[in-house]
Structure formats: C-alpha cells, structure tokens
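If you scroll down you'll find the structure; I have some questions about it.
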Amino acid sequence: MNRKYLPLAATIVVFIALFLVGGAMYKNFLSTLVLGNILADNAFIIIAAIGATFVILSGGIDLSIGSMIGFVGVCMAVLDRMGWHPLAAAALMICFGIAYGAMQGFVIDFCDIQPFIVTLAGLFLLRGACFMVTLDSVPIRHDFVDLYASARIPLPGRGVLRSSAIVMLASLALAIFIAHFTRFGTNVYAIGGDKESARLMGVNIRRTTVGVYATGGFFSALAGVVYALYTSSGYPLAGSTLELSAIAAVVLGGTLLTGGVGMVAGTLFGGMILGLISTLIIFHGSLNSAWIMISSGVLLFAFIVLHRFLVSSFNLRGTS
Amino acid sequence: QTIGFSQVGSEGDWRPAFSANMQESAKDYGVDLKFANAQGKQEEQLRAVRAFIAQGVDAIIIAPVVVTGWDQVLREARDAEIPVFLVDRDVDVEDKSLYVTRISADFNLEGKLAGAWLAAESKGDCKIVELQGTTGSAPAIERKKGFEAVIGQFPAMEIVATQSGDFTTEGGKKVMEAFIKSTDNLDGICASFAHNDNMQLGAIQAMKEAGLNPGKDVQMVSVDYVPAIKDALDDGEANASVELRSAVGEFIYPVVLDYIKNPAELDKWIVIPSDLHTAD
Amino acid sequence: MSDSSTSLRVEMRGITKAFPGVRALDDVDFTLHAGEVHALLGENGAGKSTLIKILTGALERDSGEIRLDGTSVDFQSTGEAQSHGVSTVYQEVNLIPAMSVTKNLALGPSEGWPGVISWRKARARARAKLARLNLDIDIEQPVGSYSVAVQQLVAIAHALDNETSVLVLDEPTASLDAQETATLFDIVRDLKQRGMAVVFITHFLDQVYEISDRISVLRNGGLVGSAMASDVSRKDLISMMIGRELGEVEAAYSGKASPQTGKEKLVAKGVGRRRTLKPFDLTLRAGEVVGLAGLLGSGRTELTKLVFGAIRADSGSLKVNGKEAGSHSPRRSLAAGIAFCPEDRKAEGLVGELSIRENIMLSIQSKQGWLRRLPRGQQEQIAAEMIKALAIATPDAEKPVRQLSGGNQQKVVLARALASRPDILLLDEPTRGIDVGAHAEIITLIRKLCSEGLALLVASSELDEVVAASDRVAVLRDREKIGEIVGGEIRRDNIIRVIAGDDDRQH
Amino acid sequence: MGKDNHAAGLWRALMQSRAIWPLLALVLILIVAGLISPGFYEIRIVEGRLFGNLIDILYRAVPTALVALGMAVVIGTKGIDLSVGSIIAIVGAVIVWRIKMGDPHVAILFIALGAGILCGMWNGFLVAALGIQPIIATLILMVSGRGVGLLINQLYGGTDPSFESAFLQGLSTGSIWYIPTRLVLAAGIFAALWLLIRRTALGLFIEAVGGNAAASNLAGVNARLIVFFAYVLCGLLAAWAGIIMTADTHTSDPVSVGLYIELDAILAVVIGGGSLAGGRIYLGMTVIGALVIQSLTTATLISGLPPEYNLIIKALVVLTVLFLQSANARRAIHRLVYRRAS
C-alpha cells in the first residue's frame, strides 16, 4: 500500500474501533440507526469540513465557516417568509457563498493578509450580518422542506440514510474528484506544499487562491443550506464555533494544517469521529456538564495518540 | 424509568444549578436520567435527541437552545412512541401534539414582572440602562420584549442605553463601565435592568468602583435570583430580582412519570411561577 | 553576427532592478539567439539570478524592455512566461517536496482552467521526461524523499518541454555529479541543435567552455561584457568576473605527504543505521582533510549526518577527542566542538526570516546557552568578520538571509559553522553555488584552519575538489563505505575505479 | 533643500516602519470615539484612582494584552494556543476553590500561577514531545478545560462562586498612586518578558525554531525544549490574566469567562505585525494591537449603537487596519486616487 494512504487508513481503523467499543458498552449502539444518525447529524459539519479541507490543503484556513452557515440559514428563512422556494433561496445563497469566498481569497492574495485574519473578519462580519437580517429564529415552512426531511433510503437494520447524509456523500464525491483528478486540485496541493516554488513552477497563485476560498465558500454555503433544511429554520446564532469542529474534522482526517498533505476522504471519517465522540458521551448519559466537556477532550486526545501510534508503527513495519 | 434530558449548556450561575437539580432529584424519583449538555448548540441537541431515540428511552425532556427547528426530530420521537416534554424555553412547531407539554417559567412574564416592579417603584418615570443577554438568544429576546411591553405603557419610561453583556459578570461589568462614562456617571438614570443576575452583579461592581451607590442612586432589577444576588439584595446594592427557579425537578418529574404511567392529554404549558424578590 | 540577428530570440535592454539597499541590476543588456547556449557568469550576488527572474516573469523590473521574438513582452508570472515558451530551472530547487514526482512534473500553467487530469497520461509523460535524463526513480514517491541532486534533475525534467523555445538554467549542475552533468549536456546540445535558445548559469568554468557558445559577465549588477566563448581565455574570464587577477590557489594541494600523524580527533567504530548506512569505521585526525566520494545517493550525506548526530545511529560507537559520545545529538556534537554544514541550505541550513547576523550567531549562541547572550557589539563584530572572511555580498549584516543570492546564502551556512570555532568540521557540499574567487578564498581559509589543528570531513560531488583538497578519501557505494584512498593514490581515476567496483578493496 | 531631504527621508522611514499603521489605527479610533462622545478624553480622579475612558481602555486591555503577549511567543515558534480561555477558566475556578478552602491569599496567587504553568506544560508536552499539530493539541485543552473548571467549582459546591479577597482584588482593581495596580503590574510583566526574550538568547532561539525548526536543530538549538517553554510561558501569562479577570468580578464562571479571548489575542498579535507562519516576535507591537482592539470595543460600547452592530463594526475596522498595512492595497488605492486626480 502506498504510504500516503496510511493516515487515512489509521483514521478509519480508529473510527471502527471506537464504534465497536461503543457497541460493547451500550445497548442499541451497534446499529445502522446510530450510524445513519451520525452521518445525518454531522452532514453539515462534514460538508463544511470538506470545504475547509481545500483551504487547509492550500496552506490557509477559513474561520468564517460557522458564520456563513448561520447567515445562509437566516437568509433562507427570511426568503422563505418572503415567499421564495427553498431551492431558489438555496441557489442564491450558494452563489453568495462562492462570491464571498472568492472575495476572501482575493483579499488574502492581493493584499497579502494572513488568511486567519481575513476569515476571522469574515467570521465577525457574517455573524454581524445575521443579526442585521433577524434577531429571532425564523422557521422555514414549505412542502419542500417536509419532502427533504422525509426523503430517505432505508439501510439494513433500523437505520436510514437521510437526505442530509445523501447530499453530504454526493459533495464528498465531488470534492474527491476536484481534489485528486483536476488541475485545480493539484495546484491546491502545490501552493499548500510550497507557495513560492509553486509560483516559480508556473502555478497561477491568485487564481488558485481565489478558487480555493470560493470552493470553501461553496461548501460552507451548502453546509448552511443543509443545516437550514435539517432544522427547517434560520437562527442567527446557528453554527457558532462550528469552524473549529470543521477544522478538527479535517485534521483528524489526516490533513496537515501546514498545507499540502492530506486527503479529502479523510475528512469524512474525521467528522464522523467527532460525531461518534459526542454520541458515545450521550449514550453514557450519567456524566454531568463538567465531565462531558472533559471527556470529549480526553476522547479527542485518545484518538490522536492512537492515530499517531498506528501510523508510526505501520510506517516502521512498512519499510522493512 | 430511563429519561433523556437535553440541556442547553452550563453558562452563568443559574443553569448549572438547574442541571445539578435535575440530576440530583432524578434519584429521588427513581429515574435513570441520561443527561446531555448541548453547550449552546442546536446541532448537539438534535444529536442528543436522536441518540435518546436510538437508545429507546421512556421519555425525553428538552430544554431547547432555540425555538425553531424541532418539527422533524419530534416527529421521529413520536414515530418511536417516546413522549417529549419541554422545560425552560418554548418550541415553535406547527403541530403542537408533537410534544406533551411545556413545564417552565415564562421569560416574557419575567421581563414584564421586572418592568411592572420598576414602573411601580419609579411611578412611571424612569430612564433605564439595559444589560442584554447574548444577542439573538431566546431569553434575551423574550425578556426584552416583556420588559418593553410594560414600560411602553408609560410615556416617561425609556431605555436610554442598551448593550449586550453576554449573560456574564465580566460582560455586565464592562458594559456598565462604558455606560457610566457615556451617560456622565449615570446622570439622570434611575434604573438598571439586566437580563440576568450575573450581569447585574458585574454592573454593581462597576458602579461601586466609580463611586456610585447601586441600589440607592440607581434602581437595580434583574432576573434569575441566584445566591449571589440574594447577598446583594440584603446589602441593599440590588433592589429586585425575578426568580427563575432552578430547583424545578419537583415540578417536572411528577408530570413526566405520571404521563408515562398513564398517558393523558395535558395542558400545553404548565407554568412554574416566577416570584419577584426585593430587598425586604 | 549579422545572420544571427534574424534569429534573435530574446532581447533585454536597459534592465534595472533595485532592492532596498542594493542595486541588483543597473542598465543591463542581454541578448539570446536561437540555437545558442549563452553562459551568464559573475560573482555571487552579481545579479545573474535576478536577471533571469526578470526575464521569466518571477520578478518585476524597475525599468527596461524585454522583447521575445521581436515583440515586447511583460510577463506578470512565470506561468505566463511558460506559456510563451520560456521555461526555467531556478537556482534553489523549486519543487513541492510533499508531492509525488508525477504530480510535480504535471504542475504548470494550466490551459483551460478546471482541467481534468488523467494520471495515467501524466505518469507516462513523467517517465518519459525522466528517462531522457537517465533517471530511474519511483515516481510515486514524494519529491522531498529524494536527495538534492535527484530533486535538481526532476526540476530540470520539469523545465524540459518540447514546446519550449527558451530554456533558462540557473546553476543546474551545482549539486550534480560528473555523470549527470554529462547527461544534461547531451540534452542541451540536442536542444540547441533543434534551435532552442539556452541560458546557462554556473560557477564551473570547465562547463562553460564545454557547452556554451557565448558568454556574458555581470559584476555588481552591471554588464561587464559579452563575447564568444572561443574568444576569451579562462584567465580573462576570471578577471572579468572578479575584477582582478586570481592567485594560483587552485593548484593541486601538495601537502598530502603526511597522513596519519595528527592527534585522533574523532573515531567512529561500526557506526551505522539500518536502512540508512551500513556500519562503517572512520577516523578524523587533527590537521587532516578527509574527503567523501561516491555517486549520487551513495550515502555521503548520511555518513556526515551520522557523525554529527543529526541521524541517530543504531549501532557502533563514536569517540570524540578520546571521550565516548554516548547519545549523540547535534547539540552535544556542537558542545564537543563539532560543526556541521548541511547540503540543503534551504531546508536544513538557514532560517530565512532571520538576518545574516542572527543566522551566524545561532550555533555559537546555542553553545553558550540561552542565558549568556552575547552582547550585541560582539555579535556584530563576529558577523562583520565572517562577512569579510567569506566575502559575503551584502549591504549590511541585518539583511534577512532569504534576500541574499544563492551563493551568499551558502556562505552564511559556512560562516555559522566556522564561527563556532570547531575542532572538527563536517561539510556536506560546502561550495554549492559559490563563485570561483570565493571558492579559492574558502579553500585557503580552510587550509589555514587545518594547519591550526582542525579535522575536516568534506563530502562533495565535485570529484576534482575532493582530489584537490583531501589527504585521505573515503569512498562510498550503495550506502556502504567500501574503501579509503590515501596520500599520493588520491587521483581521479583511482577514485572512479573504486566507485565502479573493479577494485579489489571492495567487500 | 538639505532639510527637506532629511524630512522626506524621515517621512519615508516612518511610512515603511511596521509600527506606523497600527498606531495610526489606534489614533483614528480614538479620534472617532472623541467625536462620538464629547467627554471621551476626560480623566478625573474617583475613589483614589484615575478614571476615564482612556484609562478604561488601558485598564480593560490588560488581560487581552497579557494573553496576546503569551500568544506572540507561541506564534513565534510557528504554533498557536487556542486554550488560553480555558486556562483562564481553570485559574478562576482554582482561585475560588482555594479561597473557600481558606488558604492564605498570597499562596493562592502562586497556586493559580502554578495551575497556568501546569496547563502550559500539558500543551507543550503535546506539541513538543508528542509532535501533535498545535491547533489540535491546544484544542484538547480548549474543549475540556472549561469542564475542568466546572469540576473544580463542584469541589466546594459551586452554587455560589463569588468571593471577597482584599489582596487579590487589590491586584486587579486597586490602585497605586492613582494608577490602577493592574497597569503597574502589567508594565512590570512586560518589562520582565522583554528582558527574557530580548536580553537573553531565548528570543533568537524561538524565532529560529519558528522560522526553520530543522535548521535550528542542526545549529544546536534544542527546538523541542524551546517550543515546550513557549507554551509554558503562554500558560503563565494566561494565568495572570485569569487572576486579574477573576479578581475583577470576584466570581468564577468557567463556562463563559474569557470566551473568544484567544481570537482577540491572535488578532492583537497580527495587528501588531506578527505572522502566523512564525519566526518573529514583536512584543511592543502586540500590546499596541491589544490596545487597538480594546479601544474599538470601548468606542463601540459608548457609541450607543445597539449590540447587533458590534461585530460588523469590529470586522470593518479590523479589515481597514489590515488594508492599510498591506503595501499592495495601498499601492492600488494610491493608483486609483492618482488616476482620478490626473
């Protein structure tokens, strides 16, 4: 096996191990129902994280994800109140996401400002914009939303694959294609690996940077749409601090935050591991708030250490 | 009985007390409580409710983070034949039969109580500074609405400055410090209304440090009635606090357990009374 | 000359470029004809790389005009230059280390933006490009896992494209062995035949005469002159470059008679590491220069790193100054008086953001410990001494090293090692990219240090340098030390014979 | 003529200096605030200490500035510390717990600092010894640290976490010679830190490790130890901020105290010219960065705008400052204006 698949394989192994441990500890855990829930409940995080994967692979970071999700949500809700069809509203918001992302990318490259700060300003700006749109949470009531909510593919066992999960898997396929089979994807890895070298090798840095953040914007807006449909509402505080979960999902999936190394597929499992950690804690159920927070940290730690251990031990054996 | 309880978070003094009360009094009622803390995120809450359904609990109690977005998951609970009870905040669903009942205090009423007390105290003539809760959060919105509904009746009552103190002592203190400067030492201000006690406690500190007399120069009214505000009331530094009970296990569990034993139609809102406490 | 004006490919007129504090190029003219190899020479910091960066769109010029095939051009990016048929191998190996060889070779200006890539085709193309350079490596491995020399070849492969009409090579041979250089030159000749115009920068004068048709010399940002290669003698060329005559330092070292007499400074017994280098024995004596010879990837770098403790040995024992060096690390080695100069200055040598002074101080300071900071005055004095001793071309010691020319960066790496006043000095490709004049001065300096009792180990891909400088040569092949050559036996042909394996000393 | 040249040279040097843009931003914000609120610059003496908006800005900026200084050091090593808010929460909980246990308050000061150091050591261990990426390594403490704080609160019951302590409150809200004590102490800490970074070789080592860890290692720098130390230092400074914040409100609120302070701290470092790519530490400019953020916050608070606008204003101001710092953007603006004029 090629060495570069190792972190991904280790992530999958750890996910399965954690899932089995949960199954051994709690009744009703080891079921397709729980698996389907993890897929659906984390769908928007994973979609956002897929966008973040591109940004991180390019050596950048996008902190505006959570606010974008909130902003898309409130706009969808307000547009619904104004009588728009949710799909039309979604299309508009996705265009907005792409445009906003592209603008961030342009500012980052043209003004040579660090992405952390530009997107942090984006975090403030979009959250502030949410409050401008509405302070209340607004329901989205439309037949399409009910249709979206009830559409599902049954899995063997009690579980179902909900529409959110389906959208998420489709985005994943799209993202894998973009990252690994297009020139743009290769350029993203290149500027993340070494921007100066990439520039000298003839990669168009500005176009790639703008493209990367536009892709990020697309996926976070899509995540916002999924979130809005999933909760059938818009809430100005929705998605707060979600950017951290998304970044954590990317990194847990084996992508290096310094850019240039990683895989989109890993992000799926990174996101599922975060969901699994929460689900395990909820199934346990007898922890108080303090221990809930502590144990999510401890589980995160355990996962990272296990992952490292797996990767390094395979690495040693692999080359001998 | 196994009951799943999805809590909003653990911010401030009030909510941890609420959570602790729920977990402790569960023992008295012989309930196996599955406690989940959403840390202020609706997605965590939806996850928790789904996990409760997957676990097959006997009933689910939700203290919602937001009012909207519940139709879908409540339908899933109904399909799994698990009754859902709301505590604390309300939900906005089309089909009210999706939950059994809401057992809680009334945020709007809390705001109104505070407003009414202040109107009586100031004889309907008062310039007020307001310390809001987290922007966009349900209690902040409701308490503001309730309060404004009452003072709207009195032409001479007016909110002259309002800012968010994020429900924290620190935030309340910072905001009050700024108010003190922007209103020239609270010149002409007759009252401070805070959406929770923690912010009011911060405000009291800020006023004392600026050489003002909270509770005397300015009427201090807030919501929650946590232990620390009791001391302030005793010292005369605060004037009134609307109690939001944290020991609500005794109100909630009997209703839930009764319902599990014999499911009967209940009122959609069982109101836990909010009392107004003053210095005396 | 009149006929060649019809085939004038590139014409640069009045190119000027200033950086804060330096005038890197001052009104420089440069022309390039189809079917010629034009060597661009000059001291370190003369402005060669700057000139070609301006030609290829990597830098903006302050003034001047560039014409390509008669039309005025203004490339905003290297990608744009590439699509106009100008490809370049820049001085610092510019590849993406974490990406596979295939992907690196597939990078470039993209036609049709969201283009889909067929990796099957890309792999075939990569193999073909590398085959042309006689390079047989696993193209799925990340480029960073290969040695600098291999990376250099991959960078050359990246620039070799049939669509290209102008090929610019900035010190492509600095880290190549004779064999790879020969392969490269065959290719260049072939391209020339087909009418391609080639710019070739190097500090090896032999190579200049071997391959180039015309020579231009830069000094201090100004053009000294251009001439046909056949019209200038080596001596004239050198004085054009450095502005004075060069003494006869390059003459063969005559002191090879007294080996094995100095005090044993460092003794390695069976030191090795699995999958890295087979256990070897090596002794370094005071006042002695030991050369390391071998082919590309034979393990010279590994050997120096093992001795320095940059790679941890898993067998054997190492004695430094008679004392057993227990667990060996760069920090301990430094404290024991060993200094090391790594081959990859960009990745392992320099901290680009820090100034020249700070880079030079790093080793001395870590020897002193963090609490005993050298006073600023003393730091400046040491830096100034080093800048003078190694002729580092810079306006002042506070310039970030990132902004220095390649050769001057290499001098800073050397300066750091020398400034820590070592008794044992390990140099891995120490003169990569250093100009003729400075090369001579550095060799003089190092010999002086040796005569004062320094033990020196030097790994170099320039066999002549090894022959010229060493009292003893250790030869490596396939990650194994296969022999030592001593004293008068040190001759180019002897070494090649040992490397090739028809020597009875093997195994 | 000569004088003119000299002035022009000075002007150019000024425009090229890193310090000018953040300072300019600070001055601009203060001017705008003065226009909004006429009494903005007034300084009086109330209750034995200086009192006024300008003092408030300095006073309120202290915790952010302290955390930002620690962050600057960590960022210098090419790291990041997301857990500073959690460290503040833990320190707050520890203080209240030890007070309720009846420890002498001077001892509590050291226990609290110890708690911060311990947290820093944990982060440093994960990053330097286990080699975990800093953002994820510190995320662990970020998510669990507030839980630890809650847990410590439970050690004494936790229903009423308020306390009184003349000593600790003196450190935070007291004053010496009309000057708030926390300012005096912060100035002392800044001086000590500056000496530590710039008058020992530590600063050089940190910047070298942040710039190129592999090269620094080969140059004999113990890169791991340096990185470890940076996190410990950051933990210590966050602990001091935690003491000030806890003593300020004399209560412990682990869930929300210092929420998002890590973002403000990082912002301060960047406004001060630091780069998240590591390799440089600018202590003085970081403090200016913290002052920019705090004056912005204070100005927004007194502006009378409803709180919904806070974030948008912050975003716009931050972007403007960064635009000004960007040479490329300045050039573009210049070109635009120039073309318009001609």
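Each chain carries a letter (A, B, C and D) given by its place in the written order, and its residues are counted from 1.
Note that a contact is a pair of C-beta atoms (placed from the backbone, for glycine too) under 8 Å apart; a residue touches a chain by one contact, two chains touch by 3 or more.
The structure presented is a predicted model; accordingly, all values stated were derived computationally and were not measured.
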Longest centre-to-centre distance from subunit D, chain (CA-based): C
Mean-CA-position distance for subunit C and subunit B (Å): 70
Centre-of-Cα separation between subunit D and subunit A, whole angstrom: 30
Inter-centroid spacing, subunit B versus subunit A (mean Cα positions, whole Å): 32
Between subunit D and subunit C, distance of the C-alpha-averaged centres to the nearest whole Å: 44
Residues of subunit D touching at least two other chains: 150, 153, 308, 310
Subunit A residues counted as touching two or more neighbouring chains: 131, 135, 288-290, 292-293
Numbers and ranges of subunit B residues touching at least 2 other chains: 9-10, 16, 20, 135
Chains touching one another, given as label pairs in label order: A-B, A-C, A-D, B-D, C-D
Footprint of subunit A on subunit D - complex, ascending: 82, 126, 130-133, 135-137, 139-151, 153-154, 263, 266-267, 270, 275-277, 308-316, 318-319, 322-323, 325-329, 332
In the complex, subunit C residues that touch subunit A: 58, 77-79, 81-82, 88, 90, 94-99, 103-104, 106-110, 113-117, 119, 140, 142, 158, 275
Footprint of subunit D on subunit A - complex, ascending: 107, 110-114, 116-118, 120-125, 127-129, 131-132, 135, 244, 247-248, 251-252, 256-258, 288-298, 300-301, 304-305, 308
Partner subunit B, residues of subunit D touching it in the complex: 37, 39-40, 46-47, 51-53, 56, 60, 150, 153, 158-162, 173, 245, 248-251, 253, 255-257, 259, 297-298, 301-302, 304, 306-308, 310
Subunit C-touching residues of subunit D, taken from the complex the two chains share: 199-202, 204-205, 207-208, 211-212, 214-222, 279-280
